[in-house]
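What follows is a short report on a single structure.
Note that the chains take the letters A, B, C and D in the order they are written out, and that residue 1 is the start of every chain.
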Amino acid sequence: MRLREYEAKQLFKESGISIPPGMVIKCAEEVFGIKNFPCTLKTQVLTGGRGKAGGIKFADNANDAYAKAQDIFKLKVKGDLPTAILVEPKVTIKKELYVSILIDRAYRGPIIMASAEGGVEIESSNSIQIVPIPEGNYSSYLGRKMATQLGLSGADVLKFGDIVNKLWNVYTKFDCDLVEINPLIVDGDNNYVALDGKVTINEDALGRQPRFDGMLSEHLTDLGEREFKGKMCGLNIVELEGNIGILCNGAGLTMATMDLVFHHGGKPSNFLDVGGGASKDHVARALDLVASSETVKVLLVNILGGITDCVEVANALKYYKDIRPEAKMVVRLVGNNEAAAADVMKAAGIETTNILDDAVSKAVAIAG
Amino acid sequence: MSVLINKDTKVIVQGITGGMGKTHAALMQKYGTKIVGGVTPGKGGQEINGVPVFDSVTEAKQKTGANCSVIFVPPYLALDAALEAIDAEIPLISVITEGMVPQDAVKLHARAKAKGVLVNGPNCPGIITPGECLIGIHPGSIYMPGRIGLISRSGTLTYEIGLGLKQAGIGISTAVGIGGDPIIGIDQIKSLELFEADKDTDLIILVGEIGGTAEEDAAEYIKAKIKKPVIGYIAGRTAPPGKRMGHAGAIISGNKGTAESKTKAFEAAGVQVAKTPSEIIELVKKRIAVAA
Amino acid sequence: MRLREYEAKQLFKESGISIPPGMVIKCAEEVFGIKNFPCTLKTQVLTGGRGKAGGIKFADNANDAYAKAQDIFKLKVKGDLPTAILVEPKVTIKKELYVSILIDRAYRGPIIMASAEGGVEIESSNSIQIVPIPEGNYSSYLGRKMATQLGLSGADVLKFGDIVNKLWNVYTKFDCDLVEINPLIVDGDNNYVALDGKVTINEDALGRQPRFDGMLSEHLTDLGEREFKGKMCGLNIVELEGNIGILCNGAGLTMATMDLVFHHGGKPSNFLDVGGGASKDHVARALDLVASSETVKVLLVNILGGITDCVEVANALKYYKDIRPEAKMVVRLVGNNEAAAADVMKAAGIETTNILDDAVSKAVAIAG
Amino acid sequence: MSVLINKDTKVIVQGITGGMGKTHAALMQKYGTKIVGGVTPGKGGQEINGVPVFDSVTEAKQKTGANCSVIFVPPYLALDAALEAIDAEIPLISVITEGMVPQDAVKLHARAKAKGVLVNGPNCPGIITPGECLIGIHPGSIYMPGRIGLISRSGTLTYEIGLGLKQAGIGISTAVGIGGDPIIGIDQIKSLELFEADKDTDLIILVGEIGGTAEEDAAEYIKAKIKKPVIGYIAGRTAPPGKRMGHAGAIISGNKGTAESKTKAFEAAGVQVAKTPSEIIELVKKRIAVAA
């Protein structure tokens, strides 16, 4: 769950990292409470690229800010409309840096990533330095080590190290996948200040992070409609651009099925992994969800029953056939309880095939 | 005859009194796995499917001689359960649990490494040596015994391939479901190492997917160390970047983790790459024909 | 720094360990506020053996409690007079256990020690079980492992494990040398309750444990007068029973000197390690302190100057000779700046010897 | 010629800008120790006694090739400083700092062990190979070079013995001050192992004291592995139980850690035990006379 800038900064502040004295406004009229001009107005959306999209503006006075806030509240960034704007006084920037903590897959542990050049295009930068955290045992020297790798010296080593110490506290305390300050600036008084921040809470950890209770649904504004609904009922669905609705079990098999649709010349409308051990109702919800897109011309169901009971799936298909007899379905259903499921399917008049390639090419033919 | 597990492996099930644990303990027993006991703290003294339940892994190990543990406990308890098994010096641990927090997984694998314990998973289907031993949630009937080693990040896709092989009359030595999380224990390299050393494995199928660089690293390893033929497959070649495809680990981040990069790496290492699951079976058949 | 029972229990309570609903009284009259009888009155002293000494009494009503509280407030336990009594309602005890966490020297890490038999003579018990904490990485299974080693089963494993989890939190949070619950009881409702507790905060850690600021001096009631004063000015002094006052630098050399006094037939009045790099003033304070006991007949000074500058010591000896010309001193002063120090000593008319055995036998002869 | 350190050892001083660090860096340099640099975070770029100060150990190691670090930082910073040196793969670290919290020491030694780094201390006088290299706070002039290995839990008592030997015309190969804390790194056993393997050490003096069971463990080790003659001494034989005698580790707890038990263990291992410091010198002289 990615937090909005102002939410991330609140966590930074609580852990002792300096942030600009900001104000979160929920409507444009609140700008008349701003005390310090010039100021920066930043749209609080979850997607990247808000600056390029015009979501960050500077204002010299209240009237100026009012007009600009009105604009920003109307501006969609990659489909995401803000519910808040963060207003901060303009700060003096002597230097911009970048620093983050995240888990590195290959290293199998957390690393500190940083650069002496802060800014937006950090991922493709050559100036990135890495300090791995040995066996996840953090100690203050690691932040200082990074500081020296960045070429900092003297008091800056201690100041930068202090920021990393505090960032580590945020990272562990809230089970974060990522904590990032970008840019981390050195202001006119040589203080290190987090000018922008990104925090991603691991979604699997939300159940033990009561602070974020109930916050997930309003932090999914970057998802499409089917993706949002799927998430809410525990279905892994990813929007794609084709017309073949895919319903499958297991991530790898779903990906393989999706690839196979392309391979046979078709285009999937979605990726949907119904998960392991799905009940009839769960499969039925998945069918409804996949079919809810108008572009879907055919449903391709590929289930390999391991934990999943094929009969549950068959009953869901039967139910769906009853309520939407006109819907086109291609079904491949093998594995656990396969024979009993075949009986259900036969009684419901749904054709099946055992061969995956056959099922896919049939679906592609129907979709046209 | 196999890698990691065989007919002599003595298995305990951590979380045996829970829904998943109970169901799959029974399925494993039915398959022929030597389930010698279970562990659920606070429920020691019971019996489940005829095997004793203990309060601690140490106790279970002392009384049963177990040398393998399968973990089915809920995600927030999985780290503690796995550390308990490591501390009890269980040499092979399979964590089936899905949804383990990555920071927990990091701690788990750091300790396992320090103690020289092999951990399979988390979020994996487990391991099967057909006809001998099944740990985890693989549907056992889908595989037949044979001489192909199977390594896969995905559960159902492994079953798909096992089934395809069986339908073609080809069996496997062992299938290792390494799991779909970003941070896992026994990985592709470790599995390759084991299959290379196994005299009853002739050929290795390596089923990868998008996300991370494990396949690229495995390709380097194959080039350097693996003499047996390897057939590869990458799921998710048409996945859009930046989207998590079901598995926590299956995501293309920036330009990292693409199927293209993995396929190239495989090919550069002399690994034949199948484009579809059925093509894997075809390639295996050809290889076997050449060898025969 | 060993805490008193009620202070230890406060830490337990804050970490979620059940304790009896107690009341701390500072004078006997407070017993009239007690609501539950019968109750237990426990003297709050820092030394062991208070039960045998009569510091724990039961009372059936307020008058009974009043008389007993008056007695307890007058009762010294090994020289320690209480400033408080802990009053607790009498509890039903189904079972008594013992559990502690401490660092094991040989293991070089923390261990859990426990016994299914609680009670006073735990140290000599054969029922003690040990669970080492691997590399100091605690996880809940360790408490449960101990529970099964004690022969507990079922729900008791979870309850006991929960106590150990919380005890570990106290241990790490407050840099403890020891946390101990003895007895840990199972009450009438099968709850685990800490009936008595011992917590020792590592003294070197007090500087980073602000909770205990200013508490040290009133937690040294088990020290003798010279020991207390020594502690307050940074001098390691241990009271002994002889008449030769020892002033030495370095713990090992001081012990060796003390042993040598015995070896030559004398008896040291104290062990005093003046520490490394002592200044003139520090050494002078040490001389005053050692001499402050009336039993001291001669001062034996043995200094081997490494970090310590012999001239500083010589100046301290000169000062002391000036203010107490009648005091008998035997001095051995070698090492760093030895020659300059010898000049000071000569000028002050203080004899010295270079040979340790000579110095000791001379001191023994003077002490008689 | 010696153990642990010699004329080629390249030493950095962590905490070189502090009072203790600065003073002893100068004394070590004066003695002839190759001090190649110092580390004080936030003070990089300065020079102290002609050597450069760095902000981090990694940087110091890269620029100086140091293979040893002496730590003089305040007690609450000592763990971090030592972990920094371990992480930088400095193979020998001497922690002079007194007053390190035991829970910190536990963490330090666990990491050092995992990484195969030797840590001397904390709360120790350091190590000296007379005429070649001094790390720590030993008064160098008190020792002369020779063929006796000296191991001691105490600082000044070590100097006493070194001085006594020198006055008798006997020199030492290396003196290892292992420190007086309950939790230490290089202990008696490790030091014995090193001296046994050192071809320029003929005889070992082992200076113990009350508290703990390190001497008993060392005695077992001597019995099993040490062929060179060992002369022992235990300080504190007249110490009362339950009282901490200066060193955090010098305390008889219950019936554990007594001089009697240690003396017995030494004697059972064939170690001659001196009753006074001067008797140590006498015993050494006799041994040398016998050998000659």
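We take it that a residue touches a chain if its C-beta (ideal position, glycine included) is under 8 Å from a C-beta of that chain, and two chains touch if they have at least 3 such contacts.
These figures come from a predicted structure and were not determined experimentally.
A.B. asks: With chain C excluded from consideration and all other chains held fixed, what connected components does the contact network retain?
C.D. replies: one piece
A.B. asks: Using the touch definition up top, find the fewest steps from chain A to chain C.
C.D. replies: The fewest steps needed to get from chain A to chain C is 2.
A.B. asks: Compare the CA centroid of chain B with every other chain's and tell me the farthest one.
C.D. replies: C
A.B. asks: Using mean CA coordinates as chain centres, what's the gap between chain C and chain D in Å?
C.D. replies: 27
A.B. asks: Between chain B and chain D, what's the gap in Å when you average each chain's C-alpha atoms?
C.D. replies: 49
A.B. asks: What whole-Å value do you get for the distance between chain B and chain C if each is reduced to the mean of its CA atoms?
C.D. replies: 55
A.B. asks: Quick one: which residues in chain D touch 2 or more of the other chains?
C.D. replies: Residue numbers touching two or more other chains: 114.
A.B. asks: Could you tell me which residues belong to chain A and also touch two or more other chains?
C.D. replies: Touching at least two other chains: 135.
A.B. asks: What pattern do the touching chains form: line, ring, star, complete or other?
C.D. replies: Shape = ring; chains linked end to end, path closes on itself.
A.B. asks: Write out all the pairs of touching chains, ordered by chain label.
C.D. replies: A-B, A-D, B-C, C-D
A.B. asks: Applying the document's contact rule, which stretches of chain B touch chain A when the two form their complex?
C.D. replies: 75-76, 99-103, 106-107, 109-110, 114, 125, 137-139, 142, 152-160, 163, 180, 182-183, 207, 209-210, 212-214, 217, 233, 235-240, 243-250, 254, 275-278
A.B. asks: What residues on chain C touch chain B, complex-wise?
C.D. replies: Counting only chain C, the residues touching chain B are 134-135, 137, 139-142, 144-145, 147-148, 152-155, 157-158, 161.
A.B. asks: Given the complex with chain A, which residues does chain D contribute to the contact?
C.D. replies: Residues 41-45, 54-59, 79-81, 83-84, 87, 111, 114.
A.B. asks: Under the stated contact criterion, what part of chain A meets chain B in this complex?
C.D. replies: 103, 105-106, 108-110, 123-124, 135-136, 172, 175, 177, 202, 204-205, 207-208, 236, 238, 240, 248-256, 258-263, 268, 271, 273, 276, 304-307, 334-336, 356-357
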